[in-house]
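There's a structure below that I have some questions on.
In this document, chain identifiers A, B, C and D correspond to the written order of the chains, with residue numbering beginning at 1 in each.
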Amino acid sequence: MNIIPIEYYLVLSAFMFAVGITGVLIRKNAIVVFMCIELMLNSANLALVTFSSYLGNAAGQVFVFFVMTVAAAESAVGLAIIIAIFRNKLTVNIDEINIFKW
Amino acid sequence: MSFEFILFIFFSLIAAVSAVIMITRPNPVMSAIFLIINFFSIAGLYLILHAQFISIVQIIVYAGAIMVLFLFVLMLLNAKSEKDILSGKNKIKIFAVVIAGLVFAQIAYLIFFSSPGKALSPDVAASIKAGTVEQIGKELYTNYLLPFEAAGFLLLASTIGALVLAKKHFD
Amino acid sequence: MIDYIYLTVLLPLIGFLINGIFGHKIKNEKIIGIIGSSTVGVSFLVALASFFQMLSLPVDQRKHVVELFSWLSAGGLNIKFAYLVDQLSIVMALIVTGVGFLIHVYSIGYMHADKSFWRFFAYLNLFIFAMMNLILGDNFVVLFLGWEGVGLCSYLLIGFWYDRKFEKGTTSQAAKKAFVVNRIGDFGFLLGMFLIYLTFDSLNFQEVFSKAELFPISGTVYGFIALFLFIGATGKSAQIPLFVWLPDAMAGPTPVSALIHAATMVTAGVYMVARCSIIFASAPAIMTVIAIVGLLTAFFAATVGLVQNDIKKVLAYSTVSQLGYMFLAMGVGAFSAGIFHVMTHAFFKALLFLGAGSIIHAMHDQQDIQHYGGLKKYMPKTYITFVIAALAISGFPGLSGFFSKDEILWNAYAHGSVLLWAVGILTALMTAFYMFRLLFLTFFGKERFSHDLHPHESPAVMTVPLIILAVLSVVGGYIGLPAVFSGENGNLFESWLSPIFSSAERRLEVYGSHGHFEEILLMMISVAAALGSIYLAYYIYTKKPEIASKTSRKFSKLYRLLLNKYYVDEVYEATIVQPLQKGSEKILWKIADNKIIDGTVNGAASLIDKTAALIRRFQTGFTQFYAFIMMVGIAIALFWIILSF
Amino acid sequence: MYMENNFLLTYLLLIPLLGSLLLLFINKEKESLIRWAGFGIALLAFILSLVIYLRFDPGQSGFQFVNKITWISKINVSYHVGIDGISILLILLTTFLTPITLFSSWKSIKKKVKEFTFFMLLLEVGMIGVFVSLDLFLFYVFWEAMLIPMYFIIGIWGGEQRIYASVKFFIYTMFGSLLMLVSIIWLGVYAASFTGTFTTNLLDLYKIGPGVPHQIQVFMFLSFFISFAIKVPLFPFHTWLPDAHVQAPTAGSVILAGVLLKMGTYGIIRFCLPLFPQSATEFAPVISVLAIIGIIYGALVAMVQKDMKKLVAYSSVSHLGFVVLGIFAMTTEAVQGSVIQMVNHGLSTGALFLLVGMIYDRTHTREISNYGGIAKIIPLFSFALMFASLSSMGLPGLNGFVGEFLILLGSFKSPVLNSWAYTIFAASGVIFAAVYLLWMYQRVVFGEVKHQNLFSLKDLEKREIAILIPIFIFILWIGIYPGTFLKLSEKSTNTVIQQVLVNPNTDVKVAKQ
């Protein structure tokens, strides 16, 4: 057990997070962007579980449980929004969606 | 080199590589499939960390439910392949990669130089106990009862929300 | 009766309210006229009864104060609404109500068939109300109430025919001018009041005057008070430099000119100076200023009067000139002589104006004397009364004007200087000339009007007041018969008023020693001058009319200067009115207000707006851009953490 | 001082507040019911304020009808109301003008009657609240709350440029009041360093304010003063006023001129002077100079206006200059004059705005050049306009004279200003007042009828006469027998002057009062 240092898990988590960021920033397809967000959530989850396990405390895993709940809710609503937008704009390319603009 | 370490390297390599592949595939369906692979490997990592419950939930909820939903939407919208994901036309993309790399380097730097490993003395028995369904269930129904209820409510709300949003006409 | 003196004020007010509120419903001119006149008439009777009651009282008990209620009180200030009846105010009250009553009666005829008959009488009554407050007020503030009140009535009455044209503008412009110029005077009067309050800690006449009597002459304070009050007087009584409104005031109906702009209101300044005689007497320098201003006004107005062709304009300048005489009297310390002239002037000038009104009435609003001539046979009553008035104002021996004017001139000589007297005589000479020029051009010579006009004598309601005033103009002087003639009794009028002016006269030490011989000599000179110039006028305007036009051509520049009233109006317009108006509009409003102040405010707002517009560019609307910015932020935050690690 | 709680003032606040809420339950179609209800509620408030007036004891110098209820106990803020002789006059003015303005807008307000009435009543709550607050926090709340209905009144029912005007009005005032808020908090904290508790209770702060170190006191005074000066508005903070007045509907203008501006001067009397007496006396000459500039400047600019409403608006600048001058002269005469002048201005200018509004309703123009010769067409209106103008220009016997006379007289003998020059310049405003009002009157009412459409004008109707008569009665009343009103405030003004002048830190010796 001692063999795997906690840093390895954390660096993996950080790497996945960074990849997720890259995805969010470079991908144009809204659904893929969503998936990247899921990836980032998972990287956070990984860190949580890692700490939970190394500390021997279940709280971290409970948190992961909640994160998953939120992720599920978020993806459900988010995908619904994407469908609604697609219906209006006939695209899910976020470069063409700038209704936030002033 | 213990078995655990080999397993760790195996799963973490899959996770890292699948993540990179996922964001570079032009076809969103391919992205989704690599994301599922990533989730599976993370579930494996959870097992190594003695988090059995979370590991199973990861497979059921994420890989099973959420990703299926994603694929379903992808099919529904018939999303086209994305071209020029990393071509230099849009300078912001290069900056994005640079920034992401920078953030990763920073976090990694922080992780190694704060070296949390020295402060933590893992207790295998405790960690095994922490990951059991019993323990998590106990926590959920005692200390985290209110958030648990709230989470349920959140799911209900999102169900209704998704329904309302996705419906074609509502008045 | 003295305790009921407030009736003299109240009755015209009631008349005003009745005519003002119900007048347009009454419609019957007779009823309106009777209400208007009778209220003033009864006021006159009340004043007369009070006067006789005062006569029966010993001299030191003749002063009465009738308190009504407390008006203004704040801090140390306590102004009561109270009326002061003494020898001075009762004389003025009699003049105002008496002459006022006659003019009211006259107006019934003059204003006949005017569409706003009721309004006219309402205003006239309001005027009498305000004037009575001015005269009877027991303190400066009640006086000021009347002071401004008469100004308002003057405004309303000058602009009575508000839709008519007057000279270059409209009657309402003339009215506004009168009010505003009066306000400039009031400004001085207000400051005078404040300074009095500061110095004497009271605004009550008796308190102020008794304190003033005790206070030593401390130089500047008295000077300033007197100066401020005198500025007030110049406004109301049309003295240089504020006389410009009075000629324009002729835009009003003629009875108004008679009542307000000849007999009563314009003498308010004289009354006020007389009332405050002790204060003025304590400021000798200002007394000199008053005398000089008065004389200059008299002189310049007379020169202008020489060439005017509008009958009312001639009379207006004559009024200004006569008011100048009164101020000359005040300035040399002959207060009772001044008031005496106020009285006689009220008689003959009211008569002149009413006579002029009668002529204008007959000539269907033609006011240019060049279009009159030969009216003697058409309007005999007007003619005779007019002659009497003209003789009176010219100082024909035995008539009222003779006594009062010579009293003033004599005092100017005795207590002033020969120069004052000489200019005074010169003015008197011109007065006689232009009055008779007017008379001869109007009643004698060829008829220079179209005969469609059919001039006719005015109805009795107009001529009876003329006759009464003519009688008064003749006999009015005898109550002020100078001591030279009356012997033992001395000057009755002067001795009646002497309790009022005694303290001021003591302070001035006016009674020097000049022999009766001198007085008679001077009188003879002025009589000769008057008769001479009457003859001159007769010669020029009936025998050799061409002399007039020749002279005017010969001295055409001077003639134009006089005809245009020394261009005073134009100078004021160019130096005060225009710069104020243009400056306010162009600089204060358009630049200071809109550009500088509002510019700063709007500038601050638009600076924020511009900044915001700049920052707004970051809001591209692309989520990925926002995410990118967020990541940059995270990276920076992480750097900060690393550095502080 | 009545120590027991007296709820009359609270009722006075509650009547329009509950009334306005009640209005919300009326169907908006029933416009006449809404109008009557709004009018009735405002009238009820007026009647209650009359009751308060009758039970008011002018012989006392302290606050009466005090009602104190703890509100936010953590920062020691309480709902604390009470009135003295100065505030009761302004309350009477407020409750008097509100029903009149509501009544006057029966015809001119045609859209959104319900909302209009609602906002007017809400405005009344705010105005009364400002005049009764004895707690700075509460005062601030009312002060700000009152902005909102006014903002909407200008912004919804205003003229063409209403949005610009309402935003300008709002931001101008907001700018000032934020400065004041900072000072209020600072004062509370400073008080805490003595008593141990944060407080915004005015009566406590009266004891503490004068002791604030001089340099800070200057800042505090200025921040309070600028806030009030904007409201007054004192030159050079006045430019919001013409815009707001011109764009506001008649009722808004009347309330704005009649009451809102008085809140500035009231604030100066109630807060600036007693809280910071030392700075007040120090700044008195500067402020008086500004006031005098305002008097002359306002009058001159009013003179050249082409729009009647703007003319009246600028005349307000001039009139309020008198009030400020009177306040800072700090003699009984002058401050009394200022107090009465506040009421006067509310009546005279209110009447002028009402009249301009009445003729605007008929012709839909306010340009002076579009009128002329209406005297013979609508004589009653012309008379009313004359009367209001005369009152505004301070003709003796009408109300304006009383105020101006006392102010000028008081400032002349003021030991604080100590120079005639102030009064001499200020008094020249009397001349200009005559000029701009009479000139306007001459161009509008006299002369020949220039425009054919003026011939069809209708004279004042009964409703409009009924609106004007009460105002005119008060104009005459104050002009002839001002004692009724002066007596009310005499004690209170003396108290304020004592607070300023009998202060160890002020070096001006008190003149004998």
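As a convention for this text, contacts are C-beta pairs under 8 Å (C-beta built on N, C-alpha and C of every residue); 3 or more make two chains touch, one makes a residue touch a chain.
Note that this is a predicted model, so its numbers are computed, not measured.
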item	value
Chain occupying the middle, per Cα centroid	D
Pair with more cross-chain C-beta pairs in contact, given C-D and A-B	A-B
Whole-Å separation of chain centres (CA-atom averages), chain C against chain D	37
Where chain A and chain D are represented by their mean Cα positions, the distance between them in whole Å	61
Gap in Å, rounded to a whole number, between the CA centres of chain B and chain A	6
Geometric centre distance via CA averages, chain C-chain A, whole Å	95
Junction residues of chain C - those touching two or more other chains	624, 628, 631
Shared interface positions of chain A, touching two or more other chains	21, 25
For chain B, residues contacting two or more additional chains	92, 96, 99-100, 103, 107
Contacting chain pairs - touch in the sense defined above	A-B, A-C, B-C, C-D
Chain A residues touching chain B - in the complex, by the definition given at the top	1-12, 14-23, 25-29, 31-32, 34-36, 38-39, 42, 45-46, 49-50, 52-59, 61-62, 64-66, 68-77, 79-84, 86-87, 92
Interface residues, chain A side, partner chain C - complex	21, 24-25, 33, 94-95, 97-102
In the complex with chain A, residue positions of chain C that touch it	616, 619-624, 626-628, 631
Chain C partner contacts - residues on chain B that touch it in the complex	92, 95-96, 99-100, 102-103, 106-107, 109-110, 113-114
Contacting residues of chain D [partner chain C, same complex]	168, 171-172, 236, 238-240, 297, 300-301, 303-305, 331-333, 336-337, 373, 375-376, 379, 390, 395-397, 401-402, 405-406, 408-410, 412-413, 420, 423-424, 427-428, 430-431, 434-435, 438-439, 442, 445-449, 480-483, 486, 490, 512-513
